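Both complexes below contain subunit A, partnered by subunit B and then by subunit C.
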Partner chain A sequence: MKYDLVIIGAGPAGMSAAVEACNLGLSCLLLDEQPRGGGQIYRNVGRQTPKGKELLGPEYQAGLPLLKAFELSNCKHVAGASVWQISAQGEVFYSVAGTSNAVTAEKVLITTGAQERPMPIPGWTLPGVMTAGGAQILLKSPGLAADEAVFAGCGPLLYLVVWQYLKAGVKVKAVLDTTPRSNYLKAAKEWRAALAGRSYLKKGIKLLRDIKSAGIPIYKEVNRIAAIADEARSLGTVSFCTPKAELQIETQHLFLHQGIIPQVNLAMASGCEHHWSTQQLCWTPKVDDWGQSSQQRILISGDGLSIGGAVAASLRGKLAALQVGYENGKLSVQQRDTRGQPIRRLLAKELAFRPFIDTLYRPAEQFRKPVENEVVVCRCEEILLKDIKSAVENGCMGPNQLKSFTRCGMGPCQGRQCGNTVTELMADLSGNPVEETGYYRLRAPVKPLNLSELASLYDEH
Partner chain B sequence: MMNTETVDVVIIGGGIQGCATAWNLAKQGISCVVLEKDHVARHASGVNAGGVRRLGRHLAEVPLSQRASEIWPQLDELLDADTGFKASRQIKVAENEADMAMLSKRVEDVRAMGFNHETLIGQQALRSLLPAVSPHCVGGILVEGDGSAIPYKTTTAFARAAQRKGARILEGHPVTAISSNGNGWEVNTPQQTFKCQALVNCAGAWGDKIASMVGDHTLLTPTALMLMITQRMPRFMEGVVGAANRPLSFKQFHNGTVLIGGGCQGFADRDNNQAQVDMHGLARYAKNACAIFPLMDQARIVRSWAGLEGVTPDKIPVLGPGAKPGVFHAFGFSAHGYQLGPVIGETLAALVQNNPLPFSIEPFRYNRF
Partner chain C sequence: MFHDISHASRQPCVSLLLDGKSIAVPAGYTVAAALLTQHRRHNRTSPVSGAPRGPFCLMGGCFECLVEIDGVSNRQACMVEVREGMNVCTQQGAGELTTDPETLSYEV
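== the complex of A and B ==
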């Protein structure tokens, strides 16, 4: 079966693109890992109780009409599908319930969204330490939220999740805010951007006020956070410093967060070129105004492109669909551009807020690049900072060579949890620019795949 | 004016054959330079399966392979480096009586040549050596004393050892032209010109291109050979396993990961230096691995890759002198040149000096096709 467009990911970008593409008369298939549409941001949006709706907030509810429109569209939706490779020939390989499939696509739109930036502190691999995103998934899945947790880091999502825990009646022990003091001063210079996003700003201020008035202790300008094990080798204590004191809190749960970055594994493994964003401190795919990547068949949109939030993702998804419609002959160049214009205006408005947010929540160096030699950088292969230092001393120049030297980044996560750290670390250690230092050369399959699953592909032929 | 330099020998290609040749020449006091267009071990010599195997070789290759197997166990010491070589066994599995008959004939042929490293084994022996093997397998060929090593480490170990003996290895030096100057050869790269008496072509998947630059025309297909590796599993086997009647090369590393290959091809793009996997071919590997080792069913693949290699029509290398004096070829090893590296280095060093060889290389002449 050949489709005009295969979309990967059912978040706001993927669903919007699907609706738009189907309206243009394109044959369209959407592959997504989750059982239902919504992506991470609108996870389970169609299945919340009134109480759940209330605590997850109105922005979460905004996903509902989009989900409805998507479900009503002609787009074929395969849920529970894990995409593990896109070939240069336009074959998209994916698995559903242990069986492999391949479909051919004229164009592929990658909307694999964002992931949390790794925050490699001492003890971050202990049982009991998770990410704030993980904490939110627990909350969106009824009855799983963790009590008496400590939240540490910076970024809007951190406070949103704390607030959601609060509304759900789950006790939060403390918030450790790592935003450096200097960020506030720099962010103040982006006042125009702040003004453009005043509706977001207002919501943020309300969240903070709610959290404070609930009596949750908030420590500011926190640095040197460490997770310390108890006798059972699980998290027992969190130690940290504020400008005034060295403190410890006993807790079973620590949720870490340093903002989100594009999830680029699929795009990179498909050969799309990327560059280093100095504003968001992450790798982002090189695309044109419509989301067309360096690979002729592949477009990319949503937060997998650069972090802009759900509304921007949805708008970018539409733009990508217009471009595919144009290339497919459904739209003239004028029609494409005319339809694109109002979308671009909204997008520009939506993104105007980013410089403020990116400056305010720019993660401190010590939480992007570990300082202590014994800190684990690569969780899968248990590679410590000192191992990487010694590889660089022995002439290792970049992340790819580091794989040969140490096996760093060669485990099942394919570098998702260490790639960003390793890039920045190696640039520092070797004195080369980040862009030049590069990233791991990624290999298919992008998702771990059972041999029997892969073998099932052979049966077809 | 471009820098011109005179050396005894120019070696084209920084793979295992080129680096081993440089090491052999340099330690005999012959000045040489290796011109590598990318970096050492960038292609087949860095990304192959690392099997050090005599088992199942083309009969013409058996004497060379036998000689190489004598060098491998001493290689770490000779090169003063860690090549990752581990002696172990190689087994080729027979799945039915027809396979068994074919393998039995093969062992007889090798014995008739005076070599007895290959032994036929029955079902019971097979199961005791490979407890995880599928019950339907009936026997196989066993070779003790083969093994495996780490390709990238081996090739760079040859390169470093050669450098220590005075050889020069120039990376990022693609050969752009070769001309005869009446009294030897002139080799150009964008950076430099080299004058030499002898020219050794170890250009792997690009071997035919270099050969045609000196007027020797031969047949070579650039091929993308694929491998994949699983996440760590409890140890369940020793050695390297193949199958009589399926493309399969199967090995569990000491860290528990399992490497699966077997000669299926991906997409080769020689002009752009690229090799890409073909999932349908990897699916065949997966099927074959599960057939021989049923416990692999739920093993997770974490990575696959492809490397560029030159394959000849009869799948044995081009090895020996070219038409004009002072030219020697060694390429087109057709996915089984790694084990031969040490002996190819010796052989080319002997050829360059016009020394006699202990075996015939007649079957490998460049113009046999």
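== the complex of A and C ==
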């Protein structure tokens, strides 16, 4: 079966692109890993409980009409599908329930979204330490929360989850805010961006005020956070420093967050060129105004492109669909541009706020690049900072060679939890620019695959 | 301990085996969510050092929540929903290799 467009990921970008593409008369298939559409931001929006709707708020509920439109569209949706390779010829290989499949696409749109930036602190591999995004996922589906948790880091998502916990009546033990003091001054210089996003700014200020008035301990300018094990080798205590004191808090739950970054594995493994974003401190794919990547058949949109939020992701998804419609002959160049214009205006408005947010919540160096030698950098292979240092001392040139030196980045997560850290660390250690230091060379399959799963491709042939 | 804050009249429970012990969990839970509500803090031990590991990102990206489900090891507990009669085992180290084709083509 050959499709005009195969979309990977059912978040706001993927669903919007699917609706737009179907309206243009393109044959369209959407592959997504989750059991239901929505992505992470609108996870479970179609089946949310009344209590959940109240907690998660109108911005979350805004995903419902999009999900409905997507479900009503002619787009074929395969749920539970893990895409593991896109070939240059437009073949998309994916696996559902242990069986592999292949489809062919004229164009492929990658909308695999974002992930949380790794925050390698001492003890972050202990059971009980999770990401704040992970905590929010459990809140969205099935509606779980943990009492007496400590939240640590910075960024809008961290405060949002704390706020949602408080609204749910869940006791939060403490918030450790790692925003460096100097960030506030730098962010003030981005006042134009702040003004452009004043509706978001207003919501953010209300959220922070609500958290403050809830009476939970909030520590500012926190540094040197460490998770300490209990006798069962799970999280028992969090230790940290403020400018005034060294403190410890007993807890079974620590939720970490240092912002989000594009999920680059599929795009990189498909040969799409990337560059280092100095504003968002992450790798981002090189694309044109429509999302066309350096690979002729592949477009990329949504937060997998750069972090812009759900509304921006949805708008970028539409732009990518218009481009595919144009290339397919469904739209003339004028029709494409005319339809794109209002979308671009909204997108520019949406993205205007980013310089302010990116500056205010730019993660401190110590939470991007660990300082203590014993900190685990690669969680899968348990590679420590000192292992990476000694590899560099022994002549290791960059992240990809680090794999042969140490196995760093070669575990099942394929570098998702260490890649960003390793890039920045190695640039520092070798004294080279980040762009030059590069990233792991990623290869298909981008998700672990059983040999029998691979072999099942040929079952019908 | 994670607990339910949705206050919803839940869908009927499904029963499954967790390390041989029968537990009841509301339908629609992922295996990871089920573990987290069952006083289970870790779901596996690391194949490198043997240290315990628990769910971390909950969105399929970190591969920390690997468990054995119905005889197939290294399955992501956060990506699989519970099913009646499911047999979930916490995993020690790298997990056992399964070669039985019937077992490998699993239901979701």
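The rule is simple: the second predicted complex is superposed on the first by the 459 of 461 C-alpha atoms of A that agree within 3 Å, B and C clash if a C-alpha of one lies under 4 Å from a C-alpha of the other, contacts with A are read in each partner's own complex, and residues count from 1 in each chain.
In this section, contacts are C-beta pairs under 8 Å (C-beta built on N, C-alpha and C of every residue); 3 or more make two chains touch, one makes a residue touch a chain.
In this text, all values refer to a predicted model and were calculated from it rather than measured experimentally.
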Scan A:S87 for contacts with subunit B and subunit C and give back first, second, both or neither. first
Looking at the overlay, what does A:S234 touch: subunit B (first), subunit C (second), both, or neither? second
Pick one for A:M410: touches subunit B only (first), subunit C only (second), both, or neither. first
According to the stated criteria, A:P448 is in contact with first (subunit B), second (subunit C), both, or neither; which is it? both
Mind working out whether A:D147 is in touch with subunit B, subunit C, both or neither, as first, second, both or neither? second
Looking at A:A102, would you say it contacts subunit B, subunit C, both, or neither? Reply first, second, both or neither. first
Contact breadth on subunit A, by residue count: subunit C or subunit B: C
Looking at A:L139 after the superposition, I want to know if it touches subunit B, subunit C, both of them or none. Which is it: first, second, both, neither? second
Can you list the residues of subunit A that meet both subunit B and subunit C? 411-412, 448, 450, 452, 456
Note which residues of subunit C are touching subunit A in the complex, please. 1-8, 26, 28-30, 33, 36-37, 41-42, 46, 48-49, 51-64, 66, 72, 74, 78-79, 81, 99, 101, 104-108
How about subunit A: which of its residues touch subunit C in the complex? 33-35, 40, 47, 49-52, 55, 80, 96-99, 115-116, 125-131, 133-135, 137-139, 141-147, 168-170, 232-235, 252, 263, 379-382, 411-413, 416-417, 448, 450, 452-453, 456
Over in the complex, which subunit B residues touch subunit A? Could you list them? 152, 230-231, 267, 276-280, 282-284, 286-287, 289-290, 296-305
Show me the residue ranges of subunit A that touch subunit B in the complex, using the header's touch definition. 85, 87-89, 91, 93, 100, 102, 404, 410-412, 414, 443-445, 448-452, 454-459, 461
